[in-house]
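Comments concern the structure below.
Labels run A, B, C and D following the written order; every chain starts at residue 1.
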C-alpha cells in the first residue's frame, strides 16, 4: 500500500541526505584544491630530498622527471639527475617489492652511463626491528655503491669476492636478498629503456630546460 | 523517558574514566592496536580522532531536528567520512611523515564505532554545548587509553618515550612489543589490570555497605 | 606467467603473511565479538569474504573510472568544459566517502536480495551481513586497492584487486575460526577473573599473531617454487 | 576554472551516488520485501544500527529477534546506552527501571551434602571441565557447584553456597550470561510475572528410584502436580514443566501443586528471598 506514496516522497524523505552530499562534496573539493599543491610538494620532496645522497654532486632543483616504458610494458617515472652546472650526473629510479615482512620501497641511483649503481635509499619498509630494519642503515646501503649493472647482484654470507656480490646482513639474509632482488628486477626492467634516453644530444637540452618550467607550475 | 539526559559536565567526566571508550566499552580497537607502537603516532591518532569526533558531534547536534530515523545512520556516516577526509588531507599537508606512518589507519577512523555511537547516543539528542563536552571528554578518554598502551609498548620495545631515550643503555629492546603481537598482549594485560582494579574496588564498596 | 605468480603472491601475502586481523589489526571487533563458536565464526568469515570481494569489485571500478587522478570520467568532463589538457581533475578526495557509501549500500542490497531469494542461505549467513558494514577489513581492502591505483607505477588491474580482497577474506576466516576453536577449549579453563572475556582473548590473539609471524619470508620460497613449476 | 570544475564535479558525483543508491535501495526494499515481525522491526528501529556486535549477538537484527522472543535483556546495547534500553523496554511493554521481567532460575536445589558424590575429582575446578568427564556426582543433571555462573555474572548476583548456585534477585538484571555459561543447561530465563515465581527446582528426568539413589531432594516424577493442576503443569519424562505462557501470579493451580508436591521441588523464587526454602 505504501508503494506509490513512497516513491513520490523519495525526494521529500532524502532531501537532507542529498543536500548534505552536495555540501560535503563541495567542501571536500575546496579542501582538496586548497591543500593539494602542498601535499604534492610533500610527496615530491620525499624523493627529491634524498637525490643528493643517491647520486653524488646532484642538485635537486635541477632534477627532471622522465617517463619511461619498461620492458614489461608499464609506464614509469624516473628522475634524470643533473648537477648545478646542468651536467648530466645520473639517474634515480623508484622500485618496490615484497620484503621479509611487507613491501619495501627503495630508490636506486645510477651513474650517467647506467653502468654502475651510485647509491641506494630505502623509502619505506616494515622489516623486523633490530634485524631486517638495518637495511635502512648507511652501512648496508653503501654495500651497493659501485656495483655493476650488467650482471645480477648476488647476496653472499661471507666476504664478497666477485664485484657483483653483496654481503648479507647478519640474521637478515632474506631482507638483504629482497632488496637485491628488487634492484635486480628494476634494473632488468629499466636498464635498456633508460640507456636509450642517451645522455647528450638534443633530447637532453629539452629535458634540462623543463625543470624550471615545472617548478613554476607546481609552485603554490 | 524516566531518566533525564546527562548534563554537559556529566558527559565530559563520563568519557574520561567511568565510560572510557577503550577500557570500559571496548570500542575502536583497530587504531588502539595498530598505531600504539610509539607515543607520537598514538598522539597524532588521538588528535585526528578528537578532531573528527568533536566536529561530527557539533554537526549532528546542529541538525538533530532534521534527522529522519531511518536515514540517520547514513547522515552520520556521510558526516564522519567528510571530516575524516579533511583530517587526512590536513595531516598529509602539514605532518607528511606522520601521515605516511599512520597510513590507512586515518581513513579507518570512519568505521571507528566510537564516533558513530557518540553521534547516536549524545549528539543526535542533545544541544551543541553538551555534544561538545561529550566529544571532548570521550576524546580525552580515548587519548588516555592510547597513551597508556603506547607508553608501555614504546618504553619496552624501543627504550624511548616520545622519541626521548628513557631506558639505560644496556636495555635490550623487546622487539616483539613494537610488532603486532605486542599490541595484542599489552592491551590484553592492561585490560585485565583495569578490570582487576575495578573488581577490587567493587568488592571494597560492597563490604563498606 | 609472471602475472599468475604475482596474483598468488598477493593472495598469500594478504591471507597469511600480512594477515588482515593479526598483522594489520583490521576487523578486530568481530574477531573478538563473534568468535565464541566455530560455526558462527566460520559463517562470519565466509560472509566477510563474500562482501569484501563485492566491495573490491565496486571500489576498483569506481576508483579506476572516476576517483583516481587522471581517471576517464573527470578527464572527459574537463575536456568538455574546455580546460587545459596539461592539468587533470583529481577527485581522489572523495574516495573515503564513496567507499563507505558503496560498502553500506551493497551490504544492504545483498542482504535484502539473499533474504528474498535464498531464505536458507540467509538463515545460515545473512545475519552476519549487517555486522560487516562497520567492519574495518572491508574499508581497508578498498583503501589498499586505492593506494595501488593512485600510483601509476603499480597500477593494479581488477584481477589483482580481487586477489587481494579474496586473500584478505580467507585470512580473516582462518584467523577467526582458529580463534573460535581456541576459545571453545578455553571455556573449560580456569582463567583469572579479571582476564575473563576480552582480556584473555587479546592475549590469545597476541600469541596467534606471533605464530603468524612465522609466515614472514614464505613468499620467497613460494615465488621460487612457482617459477620453477611454471617453467 | 580547475577549482570550479572540481568542486562542481565532486558535489555532483556525490549527489548522483546518494540519489542512485537511495533509489536502488528503496526499490529493492519494496521488491524484495519480506514480512518481518513488526515488533522486531520496531525494536530494530530503536537501536543505533551500528551492528557492532557488542551485545554478543550477530548484529542488531539478531539481537532484536532475541529480544522479541524474550531471550535477551534490553540493556545489552553498549552504543545505545540507557536511552536505547528505555526505548526497547517501551516497545516490549516493560519498565527498564523496574527490571526486566526475564530472570535466571536454577533448576536444582541439592546442596553438596544432599547429593551423592561418586568419586574424587582432581581436574580443573570449573563446571565446564567437570562436565566433560561426566561430572563429579551421581546426578547427571544437577548443579556441579564450581561456579562457572558466578564467574560470568557481571552483577555479582550469583553466589555459590555449599556447592549450589544461589541467585540474588535484588541484583539480577536478566542478562542471561549464566544461562550460556552453565554446561549442564540447568539455568533458564523465565518471565517474572510477579516478584516471586514458582519454579521446578530439579532437572533430573530419571525415575524415582534412580533419583533417590543420587539425591536427597530430587523430583521423584510422581506427576501429582500435573494431575492436580493440569492447566499449568505437564510432565516431560520424570519431570514436571511449568507453562509460563499461561502462568498468572494468582492461578489456583500454583498453591495446590506446591502443597501436594511430596519432595517440595516446586519452590517460589524471586525477591524478597525466602529465608529457608525447605
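Everything below uses one rule, namely that a contact is a pair of C-beta atoms (placed from the backbone, for glycine too) under 8 Å apart; a residue touches a chain by one contact, two chains touch by 3 or more.
This is a predicted model, so every value here is computed, not measured.
Student: Count the C-beta contact pairs for A-C and for B-C, then tell me which is higher.
Tutor: By the number of C-beta pairs in contact, the winner is B-C.
Student: What is the chain whose Cα centre is as far as it gets from that of chain A?
Tutor: D
Student: Cα centroid separation between chain A and chain C, in whole Å?
Tutor: 26
Student: How many angstrom lie between the CA centroids of chain B and chain C, rounded to a whole number?
Tutor: 23
Student: With chain centres taken as the means of their Cα atoms, state the distance from chain A to chain D in Å.
Tutor: Those two chain centres are 60 Å apart.
Student: Based only on mean CA positions, could you tell me how far chain A sits from chain B in angstrom?
Tutor: The answer is 34 Å.
Student: Going by the touch rule set out above, which residues of chain C reach two or more other chains?
Tutor: 29, 90-91, 93-94, 97, 101, 134, 193
Student: Please list all residues of chain D that touch 2 or more other chains.
Tutor: Counting only residues that touch two or more other chains, chain D contributes 2, 6, 9-10, 13-14, 17-18, 49-50, 52, 54.
Student: Touching two or more other chains, which residues of chain B qualify?
Tutor: 26, 74, 78, 82, 85, 89, 113, 116, 179
Student: What part of chain B is in contact with chain D in the complex they form?
Tutor: 1-3, 5, 25-27, 69-70, 73, 113, 116-117, 120-121, 125, 202, 206
Student: Hey, which residues of chain B end up touching chain A in the complex?
Tutor: 63, 66-68, 71, 74-75, 78-79, 82, 85-86, 89-90, 92-94, 96, 100, 157-158, 173, 175, 178-179
Student: Could you list, by residue number, the parts of chain B that touch chain C in their complex?
Tutor: For this pair, the touching residues of chain B are 26, 29-30, 33-34, 74, 77-78, 81-82, 84-85, 88-89, 104, 107-108, 110-111, 113, 116, 176, 179-185, 187-189, 191-193, 195-196, 199.
Student: Which of the residues in chain A come into contact with chain C in the complex?
Tutor: 24-25, 28-29, 31-32, 36, 72, 74-77, 94, 96, 98, 100-102, 128, 174, 177-178
Student: Can you check the complex and tell me which residues of chain C touch chain A?
Tutor: 2, 9, 13, 17-18, 90-91, 93-94, 97, 152-155, 216-217, 219-220
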